[in-house]
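In the two complexes that follow, subunit A is the common piece, with subunit B as its partner first and subunit C second.
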Partner chain A sequence: MKAMNRVASIALHTFKEAVRDKVLYNLVVFALLLIGAAILFSSISVGIEQIIMIDLGLSSISVFGLIMAIFIGIGLVSKEIERRTIYHILSKPVRRVEFIVGKYLGLVLTLVINTAIMTAGFYLAIYYQKRSLGAEDFAPLSAIYFILLQLAIVVGLAIFFSCISTPVLSAVFTFCVYVIGHFLSEIRWLGTTLHSSAAKWVTQVLYYLLPNLSDFDFITRAAHGEKMSSSLLVSNSLYALLYVTVLISASILIFEEREFK
Partner chain B sequence: MLAIETKDLTKDYGVGFWKKRPRRVLDGLSIQVEKSEVFGLLGPNGAGKSTTLKILLRLIFPTSGSARILGKELDDTSAHARIGFLPENPSFYDNLTAEEFLNYAGELFSLPAAERRRRAARLLAQVGLEGARDVQVRKFSKGMVQRLGIAQALINDPELVFLDEPMSGLDPLGRREVRDLILDLKQEGKTVFFSTHILSDAEMLCDRVAILHLGRMQGCGELKEMLEMDVAKTEIMIQSPPPELLEGFKAHGGAWVRTGERVRVEIPSGSDVSAVLGMILQSGAEVVSVNAVKISLEDYFMEQVGKDARIAPEKAAVGPAKGER
Partner chain C sequence: MTAAAPSKSGLHSTRNACWALLVLGFLALFAVQRQIDRETDVYAKINEVLYVRSGTTLRSLCLGNEGLLADIYWTRAVQYFGRGLMEGTGERRFELLAPLLRITTDLDPQLIIAYRFGAIFLMARRPVGAGDPQGALQLIRRGIVANPDYWRLWQDLGFVYYWELHDYKSASKMFAIGSQQPGADFWMKALAGTVAAKGGDLETSRFLWSEIYRHAETDAVRKTAEYHLASLKARVDLDKLNDLLEIYRRKTGHDAHSIYDLTSSGLLSGLPKDPSGIPYVIGPDGHAALGEGSSVDLRMVQ
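This part shows the complex of A and B:
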C-alpha cells in the first residue's frame, strides 16, 4: 500500500512539474488552430467541412500529444539524473521500480488531461460548425482513445531509450520507432519481395519487435463516420498494455543497475 | 546494533573509452559507527568520501565488500525510512516552493498530510527559511538551497543522518547554525555521519573521525585520543627576559617571538621542558604562562595524508575520480 502511495506521489509530482513548466501552453496553440480552422472551413467548403474538421482536429490532438510524449518523456529520468534530484528520491524509501512506474504514470496522466482538454476544444469547434451535437458526432472518441494508447507506447519508448542513451539520441530513437511503427505492414511486405534471406530476417525482426502503430491509426476512418469494432478496441488495448509492460519492465531492469556518480 | 558497518568496501570505476581499465576510488574501507555518535569522514577532494556515502545510500554499488545500515543490508531499502540524506551541492525542482518540496519528501516517507505540514513548518523555522516557505526554489541563494537540503534530510525524523559536506555554500552565520543543528541532533540521540574537508568543523563536532586519502583509510578513531596522545610543542610566555637567556633556548631547539615586553618561547616535543623552565627562573625572568600545545586535527591530517603521498606518489598523481568533487 505504501509502495502504491509512493508511486502516486511521484506521478502527481511529475504532473505538477509538467504544469509548472508551462507545457500545457500547447493547448492555447491548439485552441487557436481549431478556432481558425472552424471559421475558415465553414466559409470555404461545402459538404466536407465536417470531415476536414474532424481530420484536422484529431491529427492535431495526435501531433501535440506526440511532441509532449517525446520531449517530456526523454527528460523524465535524464533530467532527474542531470539535476541530481534523483539523490533526494532514491535515498528515501523509494524503490527504483516505483520511481520509473511513477514517472511513467505521471506523464500518461499529463497526456490524458491534455488530450481531454483538447477533445473538449475539438467538440466546441464541431459545435460551432454544426450548431448542434448528435450521438454520431461522438464516434471520433474511439480514435482519440487510440491516440492515447499510441501516446502511452511512445512514453514507454521515450523512458526506455532515456535509460540507455542521451536525451538527444533518445528523442531521435523514439521518433524513428514512432515513424517506422506506422509502416510495419509495408516493411513486412517489402521483406517478402526481397531475395536476400538476411534482409527478410531483418524485416521480420523489425515487424515483431517494433510497435505496430498503424493499427492504432483510426483518424481518417473516424472522419468518415466509420464505427470501431469492439474486437479492434479490445485487441489494441491489450496490445498497448502488453507493449508498455515490456518497455517499462526493460527500463526498470536497466535502471536497477544504473549508478548515479 | 551498529548504526553503520562496512567491511572491505571497495569501488572501482572503469576508465577509458574502448577498453575500460578499473580505477580504484575506494579501497577496502572498514568502519563501524556506533549509534548516537557524530562520525566525520575526512579527506581532501577525491579521497572517496562522497563515494562512500553514495554506496551506503545505494546510489552506486560496491565492487566488493559489504555494508549494513541500522542492521540492514544495503539492498534493503526499508532502512531508508529511518535515514536522512543531504547530498553535496543539493539541487531541487525549480518550480516547487520550499514547503511543496518538503511536502513531497514527506509523501515519499508516507507521512500523513497533517504531520507533513507540521514537520515542514518546524523544519523551515529550524533552518531559518520560514520567511521563504512560499518562494520557488529557483529564486533561492546557494545558502538557502543548502538549508532546504538539511530540512528535507530531517523530514522523517531520522535515526541516522548522512550529510555530504553540510557546510558547503554557507556563510559564517549559516555554518554556525548548521554546527548547532548537528549538535542538537546529537543531543536528540541521533547518529550523524558526515563528510567534510573542513577540519575545524570536524574538530568541533565529531566524536570519531576516519581520514580518507586516495580511497584508503589513513586513520580512524576517537578525536580526543587522536589529538591528545601527543603534545606537539610547549609554549612558555615570559616577561622581560635577559638577552643571554634567549640565546640559551637555541640549545634546547626552542624558537622565540618577541611581542613588546613579553617573549613567547616554543619548545618542540621531546625537549626537556623542566630544564628550560629552570633556566628561565634562574635568569630572574618572570614566567607568565606554560601551555602544552596538543597536536591539531590539521597537523594529524597533514601527517597522515602526507605519509600516504610519500608512499604512493604514482597513485597521488592520478588525481580525483570522476564524480568526486
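This part shows the complex of A and C:
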C-alpha cells in the first residue's frame, strides 16, 4: 500500500510539473484551430464538413498528444538526472521501480487530462457546426480512446529510450519507432514478396517485435461513422497494456543497473 | 553522494519480475497481434492503394529526391504486378498499374524500363495483363517524347499496334520510323516491310516475341514472352498436326482416332508434345488439340 502511495505521489508530482511547464498551452492552439476550421469549412465545403471536422479534430488530438508524449517523456528521467534531483528522490525510501512507474503514470495522467479537454473542445466545435449533438456523434470517442492507447505506448517508448540515451537521441529514437510502427504492415508485406527466407524471417520478427501502432488508426473510419467492434476494442486494449508492461519492465531493468555517483 | 539502495534480495526479486514480465509480455503480444490481424484483415488492403496519384505533385514534395522515389515506385510495380502475376498469387488490381507507371515515369522520365515493362503488362490480355492497349500506347508515346533517341520504344509502339490492335498499317509505320532512329537494328526496316505486306502471321509474331524475350530486363517480361512464345509454338504445331490429319483422312478414307494413328501410318515419327510437355490429342471435333493438364494458353494467340 505504501508503495502504491509513493507511485501515486510521484505521478501527481509529474503531472503538476507538466502543468507548471505550461504544456497545457497547446489547448489554446487546438481550440483556435478547431474553431477556425469549423468556420472555414462550413463556408467553403459541401457535403463533407463534418468529416473534415472529425478528421482534423482527431488528427490534432493525436499530433498534439504525440508531441507532448515524446518531448515530456524523454525528459522524465534525464531531467531528474541533469538537475541532480534524482539523488534527492532515491535517497528517500523510494524504489527505482516506483520512480519509473510513477513517472510513467504521471505523464499518462497529463495526456489523459489534456486529451479530455481537447475532446470537450472538439465536441463544442461539432456542436457549433451542427447546432445539435446526437448519439451518432459520439462514434469518434472510440478513435480518441485508441489515440490514448497509442500515446500510452509512445510514453513507454520515450521513457525506455531516455533510460539508455541522451534526451535528443531519445526523441529521435522514439519518433523513428513511431513512424516505423505505422509502416509495419508494409514491412511485413514487403517480406512476403521477397525470395530470401532470411529477409522474410527478419520482417516477421520486426512485425511482432516493434509496436504496431497502425492497429490504433481508427480516425478515418470514425469520421465515416463506423462503429468499432468490441473484440477489436478488447484486443487493442490488451495489446497496449502488454506493450507498455514490456517497455516499463525493460526500462526498470536498465534503470536498476544505472549508477548515480 | 550515492542514492539509497534497496536490499539485495528486494532488488533481485524486482529484476526477476521484470524479466518475467518482459518475456511473457512479448509472448502474449504475439498472440494478441495475430488476433488483431484476423480482425482487421478487411482493412489490410492498404498495399493496393496509391496515396498520391500525381507524379508531378510527388516530384515537388520529395525535395530533389525524385529519382529515389521513382526507384521505389518502380520496384513496387515490378514486385506487385510482375512477380505476383507470374506466381499466380491471388487476384491483382490492374487499375493501379497505369497510375503506378505514370507516377514512376513522371518522377524519372528517363526510366526506359518502366515504359517497356508497362507496354507489355498494360497491353497483355487478362489474366496476364491489364488488357489496356490504349493505355500502353499512351505510356510509350510519353516515353518517346522524353527519350526521342531510344529506337526500341518505336518497336514497342509498333508491337502494340501489331499484336493487340491488329492495326498492321500503323504497326508497319511505327517500325519504319523506329528503323530510322540512331542505332536501330537492321531488321526493323525489313519488319516494317513484312508487316505492311503480310499483316499478322505467326512467324512475325514469333520473331517479335523472341526479340522481347532476348532484350527483357525483368524476369516478369521474360516470362510473359516465354508464355506467348509457348502459345505461338503450340499454335504452329496444331496447324501442322491438322494438316497431317487431313493427309491421313485422304489416305485411309476415315478420320484418325488418336495421334498414334498418325505415328503408325508413318506420318509422324514420334508422339509430339506441347511446350509444357503434355502430348497433343485429337479433340472431339476431330482436330488436333492440347492434352489435359497442358499449361499452354491458346487464347494468347487468338
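We adopt the following convention: the second predicted complex is superposed on the first by the 261 of 261 C-alpha atoms of A that agree within 3 Å, B and C clash if a C-alpha of one lies under 4 Å from a C-alpha of the other, contacts with A are read in each partner's own complex, and residues count from 1 in each chain.
One rule holds for everything that comes next: contacts are C-beta pairs under 8 Å (C-beta built on N, C-alpha and C of every residue); 3 or more make two chains touch, one makes a residue touch a chain.
These numbers were taken from a predicted model, which means no experiment stands behind them.
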Touching partner for A:K92 - first (subunit B), second (subunit C), both, neither: both
First (subunit B), second (subunit C), both or neither touched by A:L232: second
Touched partner set for A:Y243, first subunit B, second subunit C, both or neither: second
More subunit A residues in contact - subunit B or subunit C: C
First (subunit B), second (subunit C), both or neither touched by A:D215: second
Touched partner set for A:E256, first subunit B, second subunit C, both or neither: second
Which superposed partner A:E17 touches (first subunit B, second subunit C, both, neither): first
Footprint overlap on subunit A, where subunit B in one structure and subunit C in the other make contact: 86-87, 90-93, 95, 260-261
Contact set on subunit A toward subunit C in their complex: 86-87, 90-93, 95-97, 185-186, 189, 193, 207-209, 212, 215, 221, 229, 231-232, 235-236, 238-239, 242-243, 245-246, 249-250, 252-253, 256, 260-261
Subunit B-facing residues of subunit A, complex: 2, 5-6, 9-10, 13, 16-17, 20-21, 83-95, 259-261
Complex contacts: residues of subunit C adjacent to subunit A: 1-4, 6, 10-11, 14-15, 17-19, 21-22, 25-26, 28-30, 32-33, 35-36, 39-40, 43-44, 46-47, 79-80, 83-84
List of subunit B residues in touch with subunit A within their complex: 13, 54, 57-61, 77-78, 80-81, 83, 85, 87, 89-93, 95-96, 104-105, 107-110, 152, 156, 162, 322-323
